[in-house]
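This is the structure I have questions about; it appears just below.
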Amino acid sequence: MAHQTILEFPTPGRGTRDITGEVARFVAQSGVQTGIAHVFVQHTSCSLTITENADPDVRRDLETIIARLAPDGDRAYRHDTEGPDDMAAHGRTMLTDTGLSVPIGAGRLLLGTWQGIYLWEHRTAPHRRKVVVTILG
Amino acid sequence: MAHQTILEFPTPGRGTRDITGEVARFVAQSGVQTGIAHVFVQHTSCSLTITENADPDVRRDLETIIARLAPDGDRAYRHDTEGPDDMAAHGRTMLTDTGLSVPIGAGRLLLGTWQGIYLWEHRTAPHRRKVVVTILG
Amino acid sequence: MAHQTILEFPTPGRGTRDITGEVARFVAQSGVQTGIAHVFVQHTSCSLTITENADPDVRRDLETIIARLAPDGDRAYRHDTEGPDDMAAHGRTMLTDTGLSVPIGAGRLLLGTWQGIYLWEHRTAPHRRKVVVTILG
């Protein structure tokens, strides 16, 4: 049997937010011992990534890297309805993850010591973001 | 119990094709109420992405972004057996998704209002592409 | 019921290693006929990708592509605790896959003829890497 919940997170604008704790809590509630936790954002201008949870400079530098790959306000973009960060946000989402799965073992997320699950807001303005967590075991 | 089907799509060459309807139909047939739908291309020169389904310029601009990141006919490539778009197609696939999962709730895909599932052909010539859909609940 | 194992792979430093055989073996042991195999690295400086298994130049060229997108020793990086390849490795991991799922049908991985599952070491020094395989059916 699958377990599912929809979490909601306010974001202050562009940047990453650690959501590992919230996902882990739902894994514990589900009682599933062995399986996977699937995490999914219902949006096309924010995304998910798993990266180092120790030095915050890592997320800063990921921001530097992705800002070059899908730059704001690029003259080549046709889609700019909501401003210079609009199409850039879709590009950043394409290069990262709309959904990801993490294994569950012994009733908890089998993340490595340095891994955290991050919700990555790509728009510059604050948003409310919905994240669907589905647990299968 | 898992439900599985293999869909086949002709592509007219490079570009995106919305396959949300075909995936949604198989979800409905499966009868699964809560779970995930896993979608997977059996190829290394086309891929999947979830992006905005409203303004077609978004997909045009994604094409602009990825064409810079894995350019056709780059002099540094060694692999060019099938032409200038051959290695570029593998690079584009590496940067996007060979497989992705979408949550199922209340018997249907839990996509956000503006999300569509796209098959992205990276080769310039027409192809026939196989997409495996597996539903777990 | 989910089946799970943790595989361990030594890597000789930066480069790809085909792990399809090891994953396929665990699928066979599980006895699952229809489902998915989820593969996950417990690290933030190596990753997974599915790409062509025929011409090794494809993986060489993927290396060329990703080395430009997340270059070693970039002056803009703040995080360089473990050397010039440290932050580059996190960037490369962000652009590829920490986890991926492959469908299982008729008791085996439903990969296309030319698809292989690769563990991609992004650090220049040798490492030991843990890969969690979870099978759901």
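Letters A, B and C name the chains as they come in the text, with residue numbers starting at 1 for each one.
Simple rule for what comes next: a residue touches a chain if its C-beta (ideal position, glycine included) is under 8 Å from a C-beta of that chain, and two chains touch if they have at least 3 such contacts.
All figures in this text were calculated on a predicted structure; none of them were measured in a lab.
If touching chains are joined by edges, the resulting network of the protein chains shown connects every chain directly with every other.
At the interface between chain A and chain C, under half of the residue numbers involved are used by both copies, so each side presents largely different positions. One inter-chain figure worth recording: chain A and chain C are separated by 20 Å, centre to centre, where each centre is the mean of the chain's CA atoms.
Each of residues 69, 95, 101, 136 in chain B touches at least two other chains.
Residues of chain B touching chain A in their complex: 34-36, 49-52, 55, 57-58, 60-62, 64-66, 69, 95-96, 100-105, 110-112, 114-115, 136-137.
The part of chain C that touches chain A in the complex is made up of residues 1-4, 38, 40-44, 69-70, 74, 76-79, 81, 87, 90-91, 93-95, 98-99, 101, 130, 132, 134, 136.
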